[in-house]
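Pasting the structures here.
Shared chain: subunit A. Partners: subunit B in the first complex, subunit C in the second.
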Partner chain A sequence: MQLAAQFPCAGLLPLTIGDVTLTEDTPAAMTLIAPYKGQEKPLSDALNAAHGMGFPAPNRATGKADARAIWFGRAQALLVGPVADPELAAHAALTDLSDGWAVVRLEGARAEEVMARLVPIDLRPQVFKRGHTARTELKHMMASITRVGPKALQIMVFRSFSATLVHDLKRAMEAVAARG
Partner chain B sequence: MRISGKGLVSHNRTVNFSFNGKDYMGLEGDTLASALLANDVHLVGRSFKYHRPRGILTAGSEEPNALVSTGKGAARDPNIRATQQELFEGLAAQSQNCWPSVERDVMAVNDLAAPFLGAGFYYKTFMWPAPLWEKLYEPIIRRAAGLGALSGAANKDPYEKAFAFCDLLVIGSGPAGLMAALTAGRAGTDVILAEDDSRMGGRLLAEVEEIDGKPAHVWVAEGLAELEAMDNVRLMPRTAVTGVYDQGTYSALERVSHHLPPSQSLKTAHRPRECFWRVAAKASVLAAGAIERPIAFRNNDRPGIMMAGAVRAYLNRWGVAPGARITVFANNDDAHRTARDLVAEGVHVTAVIDSRHDAPDSGEFPVIKGAMICDSAGRQRLESVTIRSVNGEEKLQTDCLAVSGGWNPSVHLTCHMGARPEWNRELAAFLPKPDAVPGMVVAGAANGVFSTHGALQDGAQAAVTALAGMGTSVDAPPLPVASDAPYRISPLWAVPGKGRAWLDFQNDVTVKDVAQAARENFRSVEHMKRYTTQGMATDQGKNSNVAALAVLADATGRSIAETGVTTFRPPFVPTSIAAMGAGAEDQGFKPQRYLTSHKASLQRGAANIEVGLWYRASYFAKDGESTWRQSCDREVTMVRKAVGVCDVSTLGKIDIQGPDAAQLLDLAYTNLFSTLKLGRVRYGLMLREDGFVMDDGTTARLGENHYVMTTTTAAAGQVMAHLEYLTQVVRPDLDVRFTSVTDQWAQFSVAGPKARDLIDALVDEDVNGETFPFMACGAITVSGVAGRLFRISFSGEHAYEIAVPARYGDALYRLLLERADPFGGGPYGMEALNVLRIEKGFITHAEINGTVTAFDLGMQGLVSKKKSCWGKALSERDGLMDDDRMRLVGLKPVGAMQVLSAGAHLFDPDATVERVNDLGYVTSVGFSPTLGHMIGLAMLSGGPDRMGDTIRLVDHTRGIDTLCEVVNPVFFDPEGGRVRG
Partner chain C sequence: MRITCPLCGARDRREFTYKGAALPVPALEAGVAEWDAHVHLRDNPAGPLEELWQHDMGCGAWLKVTRNTATHEMLGVALAQDAGLAIKEGQP
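Right after this comes the complex of A and B.
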């Protein structure tokens, strides 16, 4: 007997409308890292040693595609990709959130135009550059948005919102594509 | 009448359209208004109140008269301004406010009754008798009121909302706006240039002008080409900036596809009609131009009487002469250009009537100085005007009158943050107050600079000033050569005389109405506006406000500056609710949160209920069950006799870690948590700062410094925010970290006498009374998947909650149901869950309704005496622990009516049913299949002291009046033997 795993956007993605593509990312693990008092520096060093990136400053993400630390709110970051080194627990609270968030990737020349229908912050590449991240709202949902490529954004919402996330993005993608 | 080869339209590309069912032909580049005028159609609508024939007055978004409806059925768009509606092949437009046709409108009878319908008519007439207002007057007035009509059906046309960002927002693309955009764009600034019109260029498209030796529209085209080539500049035509808000936020309405034929393809089916933009800009240049104002005289509202600047626009931009014998009536030099341009195209100009004795002469057309037009004639089209001069009155045959009373700078947006414009005598106009909006610089005609040269210079300077405000220093660019004609005007608002002289064309307000308002002491401009309704129609009085207040100033003997203007508020142009609410219709109103068990539940016949944003199974209908009650009763009995499975993942789950985690729990909860042993769960109560109960739930200790707190579904966000408050504000010294793990875990309640058998067989570990006694918790694995098991119960039965990472939620739920079936178990929903917990007297937010204390709930024992906690001090205030407070009790029916209802109020059987005798209210009820009757929970004054008493239950809404007995709120298994077993 085995329990079958299901990802948040199963059956909903991928989706391509016009020249914008929406796909689901399924990182092996996601761990919230919240440093204890006075542990920011040792934690950052340990994070660097274990996973190759420092602890991110507010609104920034460190690391790269397969291992990224995304600032996730006051005094916390989300390690996306590798299973967090248990040694980090000496400096920070580690919480497994591998199943707590839906992760999607919006990519294409007009990805920012799609996001401009839903998100109240400036995500144009000259402003929201590689390595930038934000906790903001996407239509009615709170979201984490990170630039992961020149034309690519990573969007995260609570897992239970995944159907609405896909619905809202799809509608915006259709509206942008329809303008020709 | 079209003038061959003239204007910026494509003369070789015809476009077919219809108006009021009749087919016409226009040209590419036409608006509906220019195409109608080219076809000699002047009568386009009827006025609001008197149903007088009205024609096209202007050539822009300020148009008060030429409102039409386009589209059919649910997609009908009323109040489309013909002056803005671009022509497309197959466009079908209809007049409004007339029946059966615009030519023969039966409601025109109102015009004959005009003496009775003046200002204040409604207020005076429909005051008495009062009862008639609701039944008679209001319905009749409502039927007659309103311009245009909606279809009444839901409009399926797509609309959208969007955000835009820039350093500099330039509003308007005339000479000032274009020059500002060019100056800022060349400096590399991030610019948005927004233009209300479909084509950029403003008045430069409507005038015969030369810039740098080129026709103005050529200079415009070159400038636009330069801007288009810049990556840092975004051009937004058909976009009216409608409002100014705090911190550089602007609203704008883009007409995305009103100018296109209805979509034929699947792709363009999603193309929005309109987009409502919110633009964030560091600074802005307002170059919105000016709006020409009419002069009021008797019968000045006939079709064929137009604004002088509009006549020039139709001639120069669209190649249309709106008449064959055109007369001009003005008080300023600018309007003489209309005669000049018309003569140059061979159109007959009868005369320019100028109210000034020092008006300029012309060799090309007669100028009658010191004269006024005091009346007009013609039924549905202007036939003649009456000229009054020192020589007396004489009639002049004419089919079009071009009027100009001067120009009103478009200062509206500068007033959206509370500033009032300032009167300038020389220009006879209100000018924007400097720095009225932080970061906004006003330029060109909007700033009272009316010459082309002046506008170019002012626009360039405005960009330099705006950029300097952002710390960017640029030099003013060399200016192209353009005319610098002075603006000469002598004010004339209304021609004295008898009869009705119209000020507000859209709401049918006359000079007399304003004077009467003043006589009746509505002397403030704001009172006059409301009494006469001047400026309150869809055009917001763009043409009429200044003249109306000038007439009011005259009537009250004050200056115009003293009289002042009414308040300009957003939106600057009518904005459809569909655009502002785009995306929020139907399911878009709020997001949906789905459980991992959602699909499997539906397959089991679940009916869903919305719990906040969540969708949960309410009950599971089996074959043969025709009502929810049958399903609910079966599910309750199933849990009491066998085993039931329920998804409880919606409960808030907060992961708490850190050396001071226990201290935080002791602060947040009323009871002690620092004594909680590893591997154990405890129920806890949380208070608000004011001492009333905020929430309840359980917290499990998973590790030395590791806890997981559960909250109610309803208060998950509130409790999370509360913990943030406690740790950021109250005890920032605590070394504790927490985060929401609600969505991380799929968690299922497995409850009933067979729960242990099911769980023990399912998980890889041994589950028995020793490994998992009541209120124990621990790590388990299910088929190798790491999960958590909690021995807790909300049903009073032997129960567990089993949690696995959410990706396995669907699989585990299906497996649990599969395993439950052989025991005679199965899924249960919210209805059964509710009955089970009422049977046990467990509380939810029906009881924790914000007005109850721990004492009221009989839970004062949970407020630890050994420590303090958040809210404890204020919970001990006088009166919060009085015995006669409304306190939790159980109720069971004893009357003939075996019914209880939530929300009903309680009274002594002998007392009258009055507020003063109210003893409490019922919070929760349900039918208990276990006990065979209804049961309820209630908050009853002195409740615990009334056990066994009979009480009267009254629910006026549902028509229930019955007796019940006050009982212990724990109806079932009060000793708790089942839960521990």
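Right after this comes the complex of A and C.
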């Protein structure tokens, strides 16, 4: 038997409905970084030296499109893109979560209207600005939502929820488009 | 009903799960009577009550929430760790 590697949203995306587009991002690596007690500052320095961004404050993401550190909950962040420098292990517990999360990008002038149907927080650009991130609920799924552009949001859920995520986003996109 | 998470800000109640009374954990060797009281005996006040909630759909933090049981008014929220409710080293 032959097993073939697949991306979480393979066969489901891309998708365009109205003026909103949903695509899948496939970062090479994702690593959870949980700083040891009292090691926040040296960890942030090491992260800066290795990957060019500091450890993010709560509800913030640092870095750029190809290498981002996203605050991922109390006392933890997710490094998305590069393989984590082993030097970081001196200051933090590193857990490889590559392939564990589905990463999608929702883009368009009405992306926030789509999200307003699914999450209980305000994601309008005047409130949820570039560099902002949130851990919240998306239709009963634990999600991570990050603004990655003026009209673009990155949405992450557990990989096993990828089909449900695409289904819920598709229905919300259709509902927003139907309102004209 | 909204709870203001010290990390995430004001969030809808659907993101949180109730985890029980906010009580300090007795020492392991405290004895049966004290542990029995810790597990089973509760006041039932019509008014402010200290509770543990977890922001499980958000940042994952455990919170000590002071809630008025008569009005559901949220009177205060702190990280359980900062409120001295974290299990100390050497405790079970």
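General observations
Here is the rule we use: the second predicted complex is superposed on the first by the 177 of 180 C-alpha atoms of A that agree within 3 Å, B and C clash if a C-alpha of one lies under 4 Å from a C-alpha of the other, contacts with A are read in each partner's own complex, and residues count from 1 in each chain.
Everything below uses one rule, namely that a residue touches a chain if its C-beta (ideal position, glycine included) is under 8 Å from a C-beta of that chain, and two chains touch if they have at least 3 such contacts.
Given the structure is predicted, the values throughout are model-derived calculations rather than measurements.
Legend: residue contacts after superposition of the two complexes on their common chain; A:A34 is shown touching subunit B, with no touch to subunit C.
Looking at the shared chain after the overlay, A:E87 reaches neither subunit B nor subunit C.
Judged by the touch definition given at the top, the superposed model places A:D45 against neither subunit B nor subunit C.
Contacts of A:L3 after superposition: subunit B is touched, whereas subunit C is not reached.
By the touch criterion defined above, A:P58 reaches subunit C but does not reach subunit B. Of the two partner chains, neither subunit B nor subunit C is touched by A:D66. When both complexes are overlaid on chain A, the residue A:R124 reaches subunit B alone and has no touch with subunit C.
Between subunit B and subunit C, B contacts the larger number of subunit A residues.
Shared-chain residue A:R135: touches subunit C; no touch with subunit B. Once chain A of one complex is fitted onto chain A of the other, the partner contacts of A:E174 are limited to subunit B, with no touch recorded for subunit C.
In the superposition on chain A, subunit A positions 74, 120-121 are in contact with subunit B in one complex as well as with subunit C in the other. Remark: subunit C residues 7-9, 11-12, 14-15, 56-61, 79 touch subunit A in the complex. Listing the residues of subunit A that touch subunit C in their complex gives 58-59, 73-74, 120-121, 134-137, 142. Of all residues in subunit A, only 1-8, 32, 34, 36-37, 74-76, 92-101, 116-117, 119-122, 124, 126-127, 139-141, 158-164, 167-168, 171-172, 174-175, 177-180 touch subunit B in the complex they form. Residue ranges of subunit B in contact with subunit A, taken from their complex: 158, 160-165, 190, 256, 263, 267-272, 278, 280, 583, 587-588, 590-596, 614, 655, 657-659, 728, 735, 737-745, 782-785, 804-812, 815.
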